[in-house]
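Note that chain A is present in both complexes that follow, paired respectively with chain B and with chain C.
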Partner chain A sequence: MSDPRTALQGAHFAGDVTVTDAGLIGMISIRGDQSDSGFRTAIRHVTGHDVPDQREMRGDATGGLAWMSPDDLMLFCGHAQANIMADRLTAALGDTRNMVTVLSDARAVIRLHGASVRDVLAKGAPVDLAPGKFEPGSIRRTRLGQVAVAFWLTGQDSAELVCFRSVAGFVFDWLSVAAAHGASVAYHAKPLT
Partner chain B sequence: MLRLTCPYCGVTGEETEFHPGGEAHLTRSGPGATDEAFRDYLFQRRNPRGVHFERWHHQYGCGKWFHAARCTLTLEVFGTYTAQTAVIPEHIIDAIQSRRPDWRPEA
Partner chain C sequence: MSTRIKSGGRLIDRTRKVSFTFNGSRLSGFSGDTLASALLGSGQTLMGRSFKYHRPRGVVGAGSEEPNALMGLGQGPTFEPNQRATTAELHDGLQAESQNHWPSLSIDVGVVNAALSRFFPAGFYYKTFMAPRAAWKHVFEPVIRKTAGLGKAPTEADADRYEHFYAYADVLVIGAGMAGLQAALEAGRAGARVLLVEQTPHLGGRLLSDEVEIDEETSDAWLSRTIAELQALPNVEIRTRLMGAGVYDHGYVTGYERLTDHMSDHMPGGEGPRHRLWRIRADRIVTATGAMERPLAFAGNDVPGVMLAAALRDYVALYGVTAGDRTVIVTNNDDAYRTAIALKRAGLEVPVILDTRDAAIGPLPRQARDLGIRVELGKGIATVKGGKKVEAVEICSQAGEGSVLETIPCDAVAMSGGWSPVVHLWSHCGGKLVWDTDQSHFRPDPDRPPTGHDGAGFVLTAGAASGALHAADTMPDAVAAGRRAARELGFTPSDTTAPTANAEAEEPLQPVWMMPAGASYKLRSKAFLDFQNDVKVSDVQLAAREGFESVEHAKRYTTLGMATDQGKLSNINGLAVLADSLGTTIPQVGTTTFRPPYTPISMGSIAGAARGPLFKPLRKSPMDDWHDANGAVWEPVADWRRPYTYLREGEAQHEAVHREIRNTRGNVGVLDASTLGKIVVQGPDAAKFLDLIYTNMMSSLKPGRCRYGLMCTENGFLFDDGVVVRLAEDKFLCHTTSGGSDRVHAWMEEWLQTEWWALDVYTANVTEQYAQIAVVGPKARQLLESLGGMDLSREGLSFMGMAEGDLAGIPARVFRISFSGELSYEVAVPACYGRALWDLLMQHGAPLGVMPYGTEALHVMRAEKGFIMIGDETDGTVTPHDLALGWAVSKKKQDFIGKRALERPDLIRPDRKQLVGLATQDPATVLPDGAHAVAGSNEYGGPKTIGHVTSTYYSPTLDRSIAMALIEGGANRMGEVLEFPVDSQTVIRATIVDPVFYDKAGERQDV
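Let's turn to the complex of A and B:
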């Protein structure tokens, strides 16, 4: 086995908002009928999370379950546990219609931290990020610049973002420019002095 | 700028988050069809100035295809509905007629 590596290899940028490679994270796509009681029971039993409602994020990238579409969930877990979790999910889902796919190494996760985190995301995503409109507990799949991403707030000054591995460098650079000192737009947050 | 509401994930987004998929509710003409019917299925499209039905893809969002009814003249969106819909739903027709009283669905 080759050693697992993130696309960003620990990259870190410190601007008004810090942009940081979240490191190795297990990610599992779970497709199936979310209204099916057998599906819901199996998900709860194996992941410890109830099936999230529409656009709901339960937990975070260290351990969580995200609503990706009406037939797609994304489980976040330890990178080394992903294959074991996937096997347990497949076993528990049994005959219910499902597809469990480990995507850990096909995605990258980036952490953002700083008071103007809403502004940094809002520069590139056509999403209303105003307090009250977008809050922790919700996931939003959208674009950042010209590439697909999904993000969620983990607090009022922090967020996590997932993108395809192939564009991780682009997204990291993009966020770093948007978060650089002197680039604050002070729309949702006051600038750092 | 169009703002569309995806019926699958409930997101109301602006059009750059979506991708247009052309005219909706086409009748597929395949093997056994006349050459003329097949030609029309492949190439002939309405291009109305006014009420139009389209397919859209939530490309940067949940990845689902859906239907939208909108006005090509004003960009007003009358409503969106799921792809698993072969005929235009009654509530969409009502929404259009509340804004365009003279409009009638084509037979």
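Let's turn to the complex of A and C:
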């Protein structure tokens, strides 16, 4: 069988922040009523995560569960496991109103690493990225410059970002410019007390 | 003459010389200079020419309000016109050129305008260049363009980089003078997240020039202590060279940061952006923007060497530069005495202070007298003598008509008409002003601030920006603003005693809007209000007489306040003259509208990172890199780029297209169809929902089958089409046009969420999840079977069927659908395998002669078959019936979007424009796209258009031109010959034919 490949094919950029193709990642959209106890039980059972609250990210792109909208969750898993996970979710959700859709290849995941990661994101996203205001465990569906993205912090100096596959190259180039040496803003440098 | 003096200049470093060029001449200044101070220090008082009369002009101010000293800075890809010399920081290698002069700054032929200035009154252009019309293009415009206008437009693309930055703060303080620093400190101490921005490189504002005693310390000591405390607060961020540009709804503020303009070693386009546009959200905004000194309107107030009084002492204190050796002060207030005192202390001569008031008894006048300076009360300037520089002033009585009492030689004049708070940022979002009679200025009305979503004011003012001009009032006002901002956000500000600031007390000013009060026409027509646009007292008076009573009308008629400085110095004086002419009060006249930005910001900063490859997002398919490496000529399709054709060595584009078509119809071709929209609709009510969305019946579709469907708007007009596949009883896959996927998905969601929320349906846009490849042509089946894994035989997968399985080990969905009329399969695989499948098809297809084909071949082949294209045959006014697609509009369904509209009389009119095929009489002639068919004459006697060409190609298959058109009553005109006049000489004749040109029986796809 042929080898699957990502839109960015392992691209990497090193500036004040490194920008790296996160590789193949399984992503599953789970639509349903998040307040329904059957739905919540099934999600917990299959994913090991409680249903995240509004703008909450449980875990990261290696197996996390993200809140995407009031009736949409995104499960991250191994790329090869996505179909199996989707089948398990569908089975577990049974008769509750739901739709499970594998979207692993509709999106690209990019990892950012570096002390100024908050500043780099703030060059394109209208999000309050100050420490204390945005911390690991939160997700924002927003935009970066002109394109839709979602991102969350995985630590104080690292983040993961998801965009649509067709614009992965554009987003990567955008981040590479924003993260280039000599463009530091140092706005989020001071920790809030 | 202006010169550098031996001492003073706290901002310059006399040990570091900086060289620059002005109009090509090499000059030098010091590190820390502005371009204006360096030019003054080099004896260059003449800095530009005025807009209309080309009068010689020198610098008037020392800050961002400067109307005169505008320069073109940089060269080629870094050139930027209309830069204020007063805010341009000097650096090595800076290149400046003055503007609006021809042929040179000192000899300007346009100055003839000045001699004729009485023939150039307000509204001159409107009045004069009325007729003949033709003269505009050939005479008036070329001449006006040559002599008018300010800076030249850059001729090369900007080499620099720019970016945006989103910042959030509880309290944004704009301006870091005494008030801004103190307000920031109060809010910061209370725990608010504070962003303090200052447009200049220095913190301190007027404290840097005007000493104030604060809590028994010098202002310098207070400054360093306060700055240190602010810097130590982790919740306070201070940014210099960052101007608050505009205040908008909901506490949104734009800030303009200049990062590299002051650097000599900045490589354009190199590392780092030149400007950064801050897009700030703040819960409270404190404008501590200070106040601006007003000029006085006397004859010759625009001669180089006449400057604002405070600017003169700023140049001495900050840069060790003086505008002249003998400076006459003319004032209506006490503050200007500070300039006299500063000049005198710097060892310069002040022959006289002309004070329009009848008494000057405050401590400042006393100090001036003690220094031996002559003070003349009740006096003003009748006129300034001199052309390119001040030579003398003629003194008159302010109350009189301008009879000269005495002529005093001098080489500079310091004028002060009082101070106006900088209310721009307060006003941008609706903050209202109130007229302060005591201080003769508009100041913010704290009871009518700009209000946010909760009805509360979100802008506060601090210090001089509130109208608290005197230091003793400025400090408590700033303390109150900082504390109030914090308190309103739930913080607990300190209630300790506020610092006290002490400066010399000042007596009230006397409002003076014209000097002398009874100035003759001759004097009034030389007394400038708007320096940059050459608007004089007489112009505003003329406008009033001619009926331009509204301030907004008078502004546009006279151009008062319409220059790049937006009337920072001229507005209040102009309003006062207008009010006087109309016999009303200044508050009655009101102000013009304050609009962002505060001073002009670069176009690059607005664009930010969006330039070059980042100008606009470009969507790429999973096979994009293969296309790029194999001769693809790109065509934009919505935000995607798609191969138009694949060009081979030595081939013209049309040859490549014809080759692709012949090969597809003869052998096998492959098309990257990944951009097609794909929307999954799932749920127990999915079929019911699609019956409402599509015009045709989808609920009758069997699982595993495909059906071509149409979507109409509520108005019955066709807006998207595509193949619907029933994947399972409760699950459909809807294909949309490439450009329509987001629109259709949003359309479905809107109906589901707002109208049919009771339907149990979910949708998902899976467009990018799949790579889709059309394998087309007589050998298509052979090629796919060679990959192995699926039964794609005629029986195994019949026309309009769908099969799922593995092709060459890749999970695939195969749809047997055809947009070309050939045997055709569309294969969808997860996008991560798209390139792999493409490579396999190329490899396995090589012996069969496989070739990729692009969008143009796709279009020609679909046109040969008479298939319509959304956007070609539709334009938002076309119904399915117009396109002979009535068969796809269900008559059985109770309802669907557009059903009712399709029954309206206008939509069933028999003479609507209907789709026809066209065969040109000369088969080699291809009709131009959009060509109009004409017949008879219209109501104006011209030819009447009866329709237009919607698609037109040369068909290599039929070896003739083919076209489709929408023609009035076209369905009943078969065989008619239509005329298409394409230019004044040529009429193309074409016969109306069936739009299906090729294989009408559909035998080729059914094999």
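We take it that the second predicted complex is superposed on the first by the 187 of 193 C-alpha atoms of A that agree within 3 Å, B and C clash if a C-alpha of one lies under 4 Å from a C-alpha of the other, contacts with A are read in each partner's own complex, and residues count from 1 in each chain.
To be clear about the criterion, a residue touches a chain if its C-beta (ideal position, glycine included) is under 8 Å from a C-beta of that chain, and two chains touch if they have at least 3 such contacts.
Fair warning: this is a prediction, and the values are worked out from it, not measured in the lab.
A.B. asks: Quick check for you: in the superposed arrangement, does A:143 touch first (chain B), second (chain C), both or neither?
C.D. replies: In the superposed model, A:143 contacts chain B only, not chain C.
A.B. asks: For A:187, select first, second, both or neither according to whether it touches chain B, chain C, the two together, or no partner.
C.D. replies: second
A.B. asks: For A:118, using the defined touch cut-off, is the partner it touches chain B, chain C, both, or neither? Pick first, second, both or neither.
C.D. replies: neither
A.B. asks: In the superposed arrangement, does A:69 touch chain B (first), chain C (second), both or neither?
C.D. replies: Once the two structures are laid over each other on A, A:69 reaches chain B alone.
A.B. asks: Considering only touches as defined above, state whether A:126 meets chain B (first), chain C (second), both or neither.
C.D. replies: In the superposition, A:126 touches chain B and chain C alike.
A.B. asks: Check whether chain B or chain C contacts more residues of chain A in the superposed model.
C.D. replies: Counted on chain A, the partner with more touching residues turns out to be C.
A.B. asks: In the overlaid three-chain picture, which partner chain does A:55 touch, first (chain B) or second (chain C), both, or neither?
C.D. replies: After superposition on chain A, A:55 lies in contact with chain B alone.
A.B. asks: Using the superposition described at the top, list the residues of chain A that contact chain B and also contact chain C.
C.D. replies: Residues common to the chain A contacts of chain C and of chain B are 126-127, listed in rising order.
A.B. asks: In the complex of these two chains, what residues of chain A are touching chain C?
C.D. replies: Answer in residue numbers: 1-7, 24, 29, 31, 79, 97-99, 101-107, 119, 122-130, 133, 145-147, 164-167, 169-170, 173-174, 177-178, 180-183, 185, 187, 190-193.
A.B. asks: Over in the complex, which chain B residues touch chain A? Could you list them?
C.D. replies: Interface residues on chain B, with respect to chain A: 8-11, 13-14, 16-17, 59-64.
A.B. asks: Considering the complex alone, what residue numbers of chain C touch chain A?
C.D. replies: Of all residues in chain C, those touching chain A are 161, 163-168, 193, 234-235, 237, 270-273, 276, 279, 281, 608-610, 613-614, 616-622, 640, 680, 682-683, 760, 762, 764, 766-770, 808-810, 830-833, 835-837, 839-840.
A.B. asks: Applying the document's contact rule, which stretches of chain A touch chain B when the two form their complex?
C.D. replies: Its residues touching chain B are 54-55, 68-70, 72, 126-127, 140-143, 148.
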